Amino acid sequence: MTKLYNNPADFREELIEGFVAAYGRFVRRVPDASGVMALDAPRPGKVALVIGGGSGHYPAFCGYVGPGLAAAAVMGNVFAAPSAEQVYRVTKAVAGDAGVLYCYGNYSGDVLNFDMAELRCQEEGIDVRTVRVTDDVASAPRGQEDERRGIAGDFFVFKIAGAAAARGDSLDEVERLARKANARTRSFGVAFGGCTLPGQSAPLFTVEPGRMELGLGVHGEPGVQSSHMRPAREIADLLLDALLADAPPDAGSTVAVLLNGLGATQYEEMFVLYKDVHRRLLAEGLSPYKPIVNEMVTSLDMAGCSLTLCWLDEELTPLLDAPCASAAYINC
Amino acid sequence: MTKLYNNPADFREELIEGFVAAYGRFVRRVPDASGVMALDAPRPGKVALVIGGGSGHYPAFCGYVGPGLAAAAVMGNVFAAPSAEQVYRVTKAVAGDAGVLYCYGNYSGDVLNFDMAELRCQEEGIDVRTVRVTDDVASAPRGQEDERRGIAGDFFVFKIAGAAAARGDSLDEVERLARKANARTRSFGVAFGGCTLPGQSAPLFTVEPGRMELGLGVHGEPGVQSSHMRPAREIADLLLDALLADAPPDAGSTVAVLLNGLGATQYEEMFVLYKDVHRRLLAEGLSPYKPIVNEMVTSLDMAGCSLTLCWLDEELTPLLDAPCASAAYINC
Amino acid sequence: MGSSEIAVAVVRRWLALALEVITAHEEELGRLDAAAGDGDHGATMVRGLRAANAAVEKTSDGAGRLLIEAGAAFSDASGGASGALIGALLSSVGRALSDGPFDTATATKALQAGLSMVMRLGKAQPGDKTLVDALKPFVDALAAQPADQPLPAAWRAALPAAQAGAAATREMAARRGRSAKLGERSLGHADPGATSLVYLLQAMEMALAEKCE
Amino acid sequence: MGSSEIAVAVVRRWLALALEVITAHEEELGRLDAAAGDGDHGATMVRGLRAANAAVEKTSDGAGRLLIEAGAAFSDASGGASGALIGALLSSVGRALSDGPFDTATATKALQAGLSMVMRLGKAQPGDKTLVDALKPFVDALAAQPADQPLPAAWRAALPAAQAGAAATREMAARRGRSAKLGERSLGHADPGATSLVYLLQAMEMALAEKCE
């Protein structure tokens, strides 16, 4: 339940102001727009990675702005895609001479608004491309991968695209690598409780005691299936069964792993679950590469978590390992 | 509510196993003991910083083990101090030739067990010193600072002691700096909801709708006072009034700031609150230094947050800025 | 009052009434959206309509211009899918309205332009459980009215088609928008966007009655 | 059965009964601890007693040695304040018990050693709202029994002092331990450690009755 606010209508504005006040060592406010940009943007000769979406998912999206990561994040209201106008303004602020890549989770509202901004920027001669993250296997069956929504897999796609951009890769190349990262990333999640929008008193959905939702979204959308609650080891199997059945065609054996908390799930619980995830990965002959057990893409104070696998190769691994610095993720 | 577990009695063991599986790039298991140690420990010529306490506070304590931070963390069961036996075993595993500093929050159970281990190690000729963190102004009045419990201020004391140890300072010096950091650190918190121990079905305490608890602990201890719920800007004032009234005698004007989430409080809310904290700090003539708005010392899935100020000086600032790498905190 | 002054008055009154009606139903729209989406549709619409009302206060142009400004302000303040689509609807209706007499034929043509813009942007077809399922039947029903029917009466006569269309979304499984991912789970709840569109059309009925009859 | 075999049987039986009684009251002890502390006292005691029981299964030494082992296992498995203190209590009672006859005088002397160890480690005084408020009155009452009174009867006669001591903690404000920080807020709830100590003493009463009478 959202407890800390002044006027719910000012929530986004106040959160941006607070974020910039706290993390002014990584970002500054985009003038006259709902977003933040890296201190060194626009970066001459470098592709600008622009990410964004509704608020309520911190560290996504503003927590991932900085050297080696995104050039800017466009920030919508809680769970509402930013408007095309805001996407446009942020793009103008950070576009250098090497083009812009939009990267965001595949939701109707984001697609509509980013697409409209892309069109407008292109009319002005800015080369903008788009890669939508579609990692959530629960949201559409195989064969319709492009219809899937983006959840915690955002993180791997942003990291890889951001590193390619920082390296000075061309827009074609950054786009290709982001698309490849997305094509090799799969997520599946479970929820134990819903979340509440600022100023509202009832949660978006509730999960009955003793039950859980499978295939949840990161906007308090209920899951695609309900099940009785199970021990951690069975949940680990359930998550992995879904991901492994959907492994990308050219999958190798090295996987980056993210066990992502949605907000109210305890870190300790996630480690207990990770123990069973790790064992199962090894038993499947997979090598977990630098696993992350943390809150990387949240859903307000929703209880639950998701498991993401990104099948790496010699091209993606160095990009994942490349240095970066942002409010929420530092690598060195 | 704890949802992910197998057998509640195995919770600690499974969480240690999962943590080490995920973050083997920073830590390994202390053989035959309830704890984790840095890959490079024992470090010849360097003081070993040993931290620890009950589980349920991640990233405290195991998330802060690594180069530039703690040499090891002793991990108790959820909310239960580790036994003297475990503290002893972990100490033996990481003690080098430059002595050991114990650093932990001031709670009866931790004091008893760490003190017993210290005695035993000293009998064996290991030079062990202890600095207890006592940052929570709500837990005892001025003049009885030593009686206060340790909450999120743990982070600054660990960071400064860890940096001094990594630099090669003598045990006397590391102890002095840790003590100084603690003496200049103050925290105060608010809670909006209680937390539930693994395997239990009722929370430790509940907060009535429309109310909040002031001066909460990080173990689901209820606060020292109850109040009606207030807008974020009034909560910011309330937190700062308590801290500023208790500023250390030799306080300068530069303060490290940590706005710490206890588990279920959303990051977005904390940024909204931080906006008002920041404004007030500036209005008071204080300079916030590299603020952190994050979950650094949690209390399972408790809803609430605390504000910590650490009054810096030319000695402490470089230690806070020194590089370090651990599962939960990287600086470079 | 000439035709174009009437049109201006209608647009202003409509925006004010729309804000009232949607605000009164904010909770309901949120609940409908929460059933399979993210629960923010009520809040999004209110935010957009507030901004649209504020935007037209500053403008003293014709009705078409007012709608263009209102649409831009709506989109920017709302964000989300409905922000983009309803904002585009307002703006393209505004563009198509231009001068001309303020009658049933003009309104129909303008709304047809709006509808096709919404369908082009959102790529939703009838039956996909979106606001198109309320908007298209309404536009078709309006077009079917006798050409000489005064606009208030034509509008009133077309409204039941929108209501029936919105009600029918209850039986549809979402294929577009956030709730599309839930497939079957969206069955049994009316689409929030179709529901709020009916409120917008009802607000227009009242505005027309007040200002034209 | 000689005195030392009886002592061994009593200790084993006591540990088994203590685990039963405490398990039956685990929830209650947790609730008492949650009132002003961290709610884990029931779970902590159960964990400790399970480990203590497992430890003595492996040992075939005398009663003193059994208690020393049980105390070490209890402390290690429990952790926390009560783990350290109750473990130290068991171990120092065990050390003081050594050989000698298993009678009221020996038991009293051993418990006095245990009490002073607990007070030395924990630095709690009577009135601080800790397990000392149950333990000290009990030890004093046991010491006040006629020297020739058989142990089971002496134990039974001393129990009410422990119960009264634990009950009195309800009116005290905590000054030691986690709940000390809450001062006034701890008023009105009995101290969990004092409460569980009474259960431990009651379990011993049963064990003595079974094995010695």
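To keep things simple, chains are lettered A, B, C and D as they appear, and every chain counts its residues starting from 1.
The rule is simple: a residue touches a chain if its C-beta (ideal position, glycine included) is under 8 Å from a C-beta of that chain, and two chains touch if they have at least 3 such contacts.
Computed from a predicted model, the values in this text were never measured in an experiment.
**Student:** Enter the minimum step count from chain A to chain D; a value of 1 means the two chains touch.
**Tutor:** Each step joins two touching chains, and the minimum needed here is 2.
**Student:** Measure off the straight-line distance from the CA centroid of chain B to the CA centroid of chain D, and report it in whole Å.
**Tutor:** Comparing mean C-alpha positions, chain D is 32 Å from chain B.
**Student:** Would you kindly tell me how far, in whole Å, the mean C-alpha position of chain B lies from that of chain A?
**Tutor:** Spacing between the chain centres: roughly 29 Å.
**Student:** With centres defined as the mean C-alpha position, give me the chain C-chain D separation in Å.
**Tutor:** Their C-alpha centroids are separated by 74 Å.
**Student:** Can you list every residue of chain B that touches 2 or more other chains, as numbers and ranges?
**Tutor:** 78
**Student:** If you look at chain D, which of its residues touch at least two other chains?
**Tutor:** none
**Student:** When you draw the chains as points and link the ones that touch, which shape shows up: line, ring, star, complete, or other?
**Tutor:** Shape = line; chains linked end to end, path left open.
**Student:** Pull out all the chain pairs that touch, please.
**Tutor:** Per the contact definition above, the touching pairs are A-B, A-C, B-D.
**Student:** Spell out the part of chain C that touches chain A in their complex, as residue ranges.
**Tutor:** 30, 34, 36-40, 43-44, 47, 72, 75-85, 87, 121-122, 176-183, 185
**Student:** Note which residues of chain B are touching chain D in the complex, please.
**Tutor:** 9, 54, 76-86, 107-109, 112-113, 116, 136, 138-140, 147-149, 197, 199-200, 204-205, 217, 219-222, 224
**Student:** Once bound in the complex, which stretches of chain B touch chain A?
**Tutor:** On the chain B side, the touching residues are 1-6, 11, 14-19, 21-23, 25, 55-56, 58-59, 63, 78, 192-193, 198, 212, 229, 231-233, 235, 257, 259, 263-276, 278-279, 288, 290-293, 295, 298, 300-301, 303, 305, 325, 330-332.
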